[in-house]
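The next block holds one structure in the form of structure tokens; read it before the comments.
By written order: A, B, C and D. Residues from 1 in each chain.
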Amino acid sequence: MALTAAPADERRAIGFGLLGYGFMGKAHSNALHKIPYIFWPSAARPELVAIAGRTEAGVREAATRYGYQSYTTDWHDLLADERVDVFDNVGADTAHVEPTLAAIAAGKHVVCEKPLAATAADALRLYQAAETAGVKHLVCFNYRFFPAVRLAWELVHNGELGTLRQARFRYSQEWRTDVEAALPSPTGALDIIGSHAIDLARFLCGEITSVSAAISSIAPERTYRGEPAETDDTVAIVAELEDGLVATIDASLVAQGRRNHLAWELNGSNGALTWNLEEPNVLRVHRRDAGRTRGFAEVIACEEDHPLAAPWWPTGHVLGWEHGHINMLAHFCDAVANDTAIDPYGATFLDGLRVAQVSEAVEESAATGSRVAVAEIPVSPA
Amino acid sequence: MALTAAPADERRAIGFGLLGYGFMGKAHSNALHKIPYIFWPSAARPELVAIAGRTEAGVREAATRYGYQSYTTDWHDLLADERVDVFDNVGADTAHVEPTLAAIAAGKHVVCEKPLAATAADALRLYQAAETAGVKHLVCFNYRFFPAVRLAWELVHNGELGTLRQARFRYSQEWRTDVEAALPSPTGALDIIGSHAIDLARFLCGEITSVSAAISSIAPERTYRGEPAETDDTVAIVAELEDGLVATIDASLVAQGRRNHLAWELNGSNGALTWNLEEPNVLRVHRRDAGRTRGFAEVIACEEDHPLAAPWWPTGHVLGWEHGHINMLAHFCDAVANDTAIDPYGATFLDGLRVAQVSEAVEESAATGSRVAVAEIPVSPA
Amino acid sequence: MALTAAPADERRAIGFGLLGYGFMGKAHSNALHKIPYIFWPSAARPELVAIAGRTEAGVREAATRYGYQSYTTDWHDLLADERVDVFDNVGADTAHVEPTLAAIAAGKHVVCEKPLAATAADALRLYQAAETAGVKHLVCFNYRFFPAVRLAWELVHNGELGTLRQARFRYSQEWRTDVEAALPSPTGALDIIGSHAIDLARFLCGEITSVSAAISSIAPERTYRGEPAETDDTVAIVAELEDGLVATIDASLVAQGRRNHLAWELNGSNGALTWNLEEPNVLRVHRRDAGRTRGFAEVIACEEDHPLAAPWWPTGHVLGWEHGHINMLAHFCDAVANDTAIDPYGATFLDGLRVAQVSEAVEESAATGSRVAVAEIPVSPA
Amino acid sequence: MALTAAPADERRAIGFGLLGYGFMGKAHSNALHKIPYIFWPSAARPELVAIAGRTEAGVREAATRYGYQSYTTDWHDLLADERVDVFDNVGADTAHVEPTLAAIAAGKHVVCEKPLAATAADALRLYQAAETAGVKHLVCFNYRFFPAVRLAWELVHNGELGTLRQARFRYSQEWRTDVEAALPSPTGALDIIGSHAIDLARFLCGEITSVSAAISSIAPERTYRGEPAETDDTVAIVAELEDGLVATIDASLVAQGRRNHLAWELNGSNGALTWNLEEPNVLRVHRRDAGRTRGFAEVIACEEDHPLAAPWWPTGHVLGWEHGHINMLAHFCDAVANDTAIDPYGATFLDGLRVAQVSEAVEESAATGSRVAVAEIPVSPA
């Protein structure tokens, strides 16, 4: 035979308009490229419609590099375009609220990088707007979408650990270790990485009801682009959760030696789990009933019977950091295509709101020295 | 030649009178047996003079088993005997104060298992009495005497980590995991194992100035021998130390999966360290200046140039749990023989007092929900 | 502004024609998709021109799924198309020789999955044909292209380990553990995974000069699709290398407990390295001169100053299995675009030939019980 | 009451006469001190009767240090003394044969450090003499007596791994890494540490039937005290065992980075085990039937239900290197007291002979380049 033209991909296209083209823009664009051929067959496929950013030269180059059909320096253009089904906001933290609210108003489904908003009040507005509009909403707590983390969630929710009795979460990085250097970001350890630790605590263990916290800075006088900034470099939290569970949660940007160490341990009445992001495929599982060969088993969560692993590679051909984002956005596309729920696997704007509420309680506790109750969960407006 | 009688050991004998013959009695007796031939040559050697305990059959058997010259059911007999230079109190926690005070009054050097006393007030009495009497005093915080822990101390105090910026300490065990079982001890996680974590935090990082804490129990109604008891199963602490360092400290007797997991991590401006008791010979050391092959190095602290290792076995022939007690009591014998200081390597009654003061602050914080300042360090009466 | 069409990607297109659409077809197609936006800027970009396979329904679906412009069931069509610059052969092991020779004859650059050929004689034909034609040739020894492996190569070749004195290589999987099951492949442990271990031994340590080997099978009577097959399940080799270095090399498809455990250790006069594929980002590095904190440092080879890592994600955002293939094919595209060398980083057909020669020596040694010298390296025909 | 004299220890005394007072003399003396109080109650206790050594000042000091009743520079004196029940030979490797034969002739039970003899012929003489005399005989393969190793033995012999399919053993040290230095010992890697690896291979997997080996030296011209010596620094072996099992065994004294790394892995049809001496308490256990949380479990073999652990400390209070020797000599004392068997747990002179036979086959294979069958097991003369 001769070469034959390949049939067109007839799956429904879900048009993405992306705001932002930095580190997270790269991670999301990568995901949109990979989803169509990794998740096959499927109901829909993402389409890279347009990308927006503040600097024209930069966003134009990004459009070519990542294969977007078009670009703009004005994010409103994304909302005006009918081909855009999803507004994916990976812009600066300060650009999360207004554009996302506008997208909801324009009827777009919305994806927003964490933290959802700088204040719980703004996060609540976003949550209520999205619920009222009936659009799908997702906050990018990507670590929920690692196979080993999802496997942990299943073990906990299947009751295989029994009653949880202790938990610890940490996220440690080291890049803000220079006292002299100006800050590379306007936010600090709590927002940048602590938010991930708080979300995983809630995802795996349930709601946080109160916190006692301390915050420290190695150089409180540092500024970000000449402006005052949040200079918290470490935050340490004792959290009380539903059912009396006590957890420690901490985050640091000055934990020398730790490059990207998001780690947790859960101890239940019948078993225990540990995980860390520097070995993201490994879930360590202890079962109380394993007799005299009991101990933490090093489970490489890349087998066919592991959640989120089957679409990828054969047994033991491990995944990396980027795969959390890919699995997350694939889940979002499925939810849009099939009108299914984002939660409990994906973090919705309610989860983004809850993290904001916990964060505010942490800051108040650190400032006052008192244990602070986390605000009530709002009733859904829908 | 024919067999010749071995020359007598002419080192000065330091007579030990031991109160208690359970788990800790075994550990201390073992140490007293090993010190003479492991630490050779040396100025003195311990001698097992007498052992005391409440049950005659038990203490008599222990005397034969461990090679004490004599035994008694009345600890006052130990104090009355001139051959006893050291009163080594490994009795029940409730028998720490009165006998030790009496031993000090009798002019004996004193060793006491942790916790030194149930209250800071009692610990203060012990500290002041020992200082006033001018006797050597040691609290058995044995983990200070593992080679890897001492090496860590040296690295910190030599400034090789730079300024400490974050620290975490935990001690997790799992043996109190049954909700139905009566308590095997009258004290809980804070006293039994939390005290070790607090002592190591002070040893490695400096004084704790304030704490915010939460305490939980899996079954508060449990009793010990029919009496009310301290039922704390987990304790979680955010501690502030001198110079603004924030640390997390926690202890648990219900951490399913963790048999004897005393672990810590220190992050400084120039390096970091981690250690845990289940691999007691390994100190993990990160140095910021190690170029592109930097990472945590797994140092097996059993070489000739490692502290506390040289008297033992060749390179890489690792030590176990018992060796902490042996090194600790050898240090105490040296201090008695040469009239040298117990601190900073060994924990004195001042250290026992400080742990009691921190523990009281922890309990108050857990009860009130407020950050609590640790009491002032008393002025030495001497 | 309004949405503006993205400028076209003006980099030179390097047209790929792929033979095969199974596991390796997926891995290569994924690489071709990712290279354009990960490696940016660059001289060229791959283009997915056409895909060939035996089963029409399968190859047609693959064309759509992976985004090839066209498809065929006859690989000759790929060679006839001018847009195809590179013939990428990921077909069945038995389809490596004839199509690749034809592609060379057609003037295509050639990529071929390992093993290059079933016999050293065929591998030699391929090597000589490619050299004579002056086309670029690559055998897919993808593990050379993991950052941690490349970093190891650099450390060895910079002399940072001193003189190599001992080495060990293993590749252990467990999927052929059922004695009753028919074989899922016509080849055995030596070809399927042993070839990777042999290539890495050569890559990191130099040429193998002789081998002593044993081969075992858990059930020699098994067949593949009813035909006799290579039933070797384990192979164990003592290899002598240049300069007197002795290495052990082994491979197993029945190593219960090991999912995908390619691992090696090198011990030199001044340092040592270890690595394994189940933690692919970690290189453990020991330096003899590190004083009393020497030990294997756990280097997470995902930092900007690590080879092959910079195009990807920030520090500590780890890579997975697929990234070896991506980095490898990016290197090949660079070599085509810039007419630069495939070696020493990439494996050429000469490397494929050498692995075939070693494999034949291994089989002979296992059969005869004698140490067997590996055949001479042929002189390049070019 | 007043102090009461402790009752005498009425257990039967087993008199030990020790030849040698270096590293191994220290390890054995330490064991003899600890056995009486650790193994309680018991049928007998060792008594340190006399110690012999070549240098009078040295052996006299050792007698005092280790608490032997008497000393001599002539080992014949040990044999002439009626109080000596056991001749424990930890002298130089060259002093193993004649004194041990004389001890057997004198009716003593015999303990001998490894290697039992420099030749299989001498080892056979020792084995036959001891069997004919009907005395207990033990070769000090101490690693059999670590709890984790014994637990492994039990799992293998209970069939919990199914059929063994692959095994690997290594013993790597680094102290002979200087090319310029004179040799500190007259023997090389095979005898000094390879013997331990060979013994463990036999202990855990069964008899070795043939070997293919290579031996290398980093500087063959080195001498020991001016005399020619065995300069093998590395030895690598492919071994075939009963039932077709293939194993790799290697030993090295120049494995930079490895202080005392005796390690092994067993892969069976239903499970797998790994262990290494630098973490001696940890047995990693994989079970094929563990469902989707299967993986190597890190078992800390220090619990009450673990073999050899119960006499020691509570759960998770780990043991060190010395405890292998202590457990081994306690087993020997039990065997003497109760007239029970040394094997299969302890290594008899037959095991010492088998290691010598394997070692000779290894040397022959390395020299000739051919696979060499290990000599037949001799029929017991008894």
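Worth pointing out:
Note that in this section a residue touches a chain if its C-beta (ideal position, glycine included) is under 8 Å from a C-beta of that chain, and two chains touch if they have at least 3 such contacts.
Please read all numbers here as calculations on a predicted model, not as lab measurements.
Ranking every chain by how far its Cα centroid lies from the centroid of chain A, the top place goes to D. Superposition on CA atoms relates chain C and chain D by a rotation of 180 degrees, given as a multiple of 5. Chain A and chain B have centres, each the mean of its CA atoms, that are 43 Å apart.
In this assembly, the C-alpha centroid of chain B lies 54 Å from the C-alpha centroid of chain C. Inter-chain centre distance (chain A to chain C, centres taken as mean C-alpha positions): 34 Å. Counting only residues that touch two or more partner chains, chain C has 286, 296, 300, 303. The residues of chain B lying in touch with chain D in their complex are 1-9, 23, 26-27, 29-30, 33-34, 36-38, 40, 50, 60, 63-74, 77-78, 81, 173, 175, 259-261, 277-282, 300, 302-303, 313-323.
Across the complex, chain C meets chain B through its residues 151, 155, 283-287, 290, 292-300, 303, 305-306. Within the complex formed with chain A, the residues of chain B that make contact are 161-162, 165-166, 168, 170, 172, 174, 177, 179, 210, 212-216, 218, 233-234, 236-238, 240, 244-248, 250, 252, 254-258, 267-272, 286, 288, 296, 365, 369-371.
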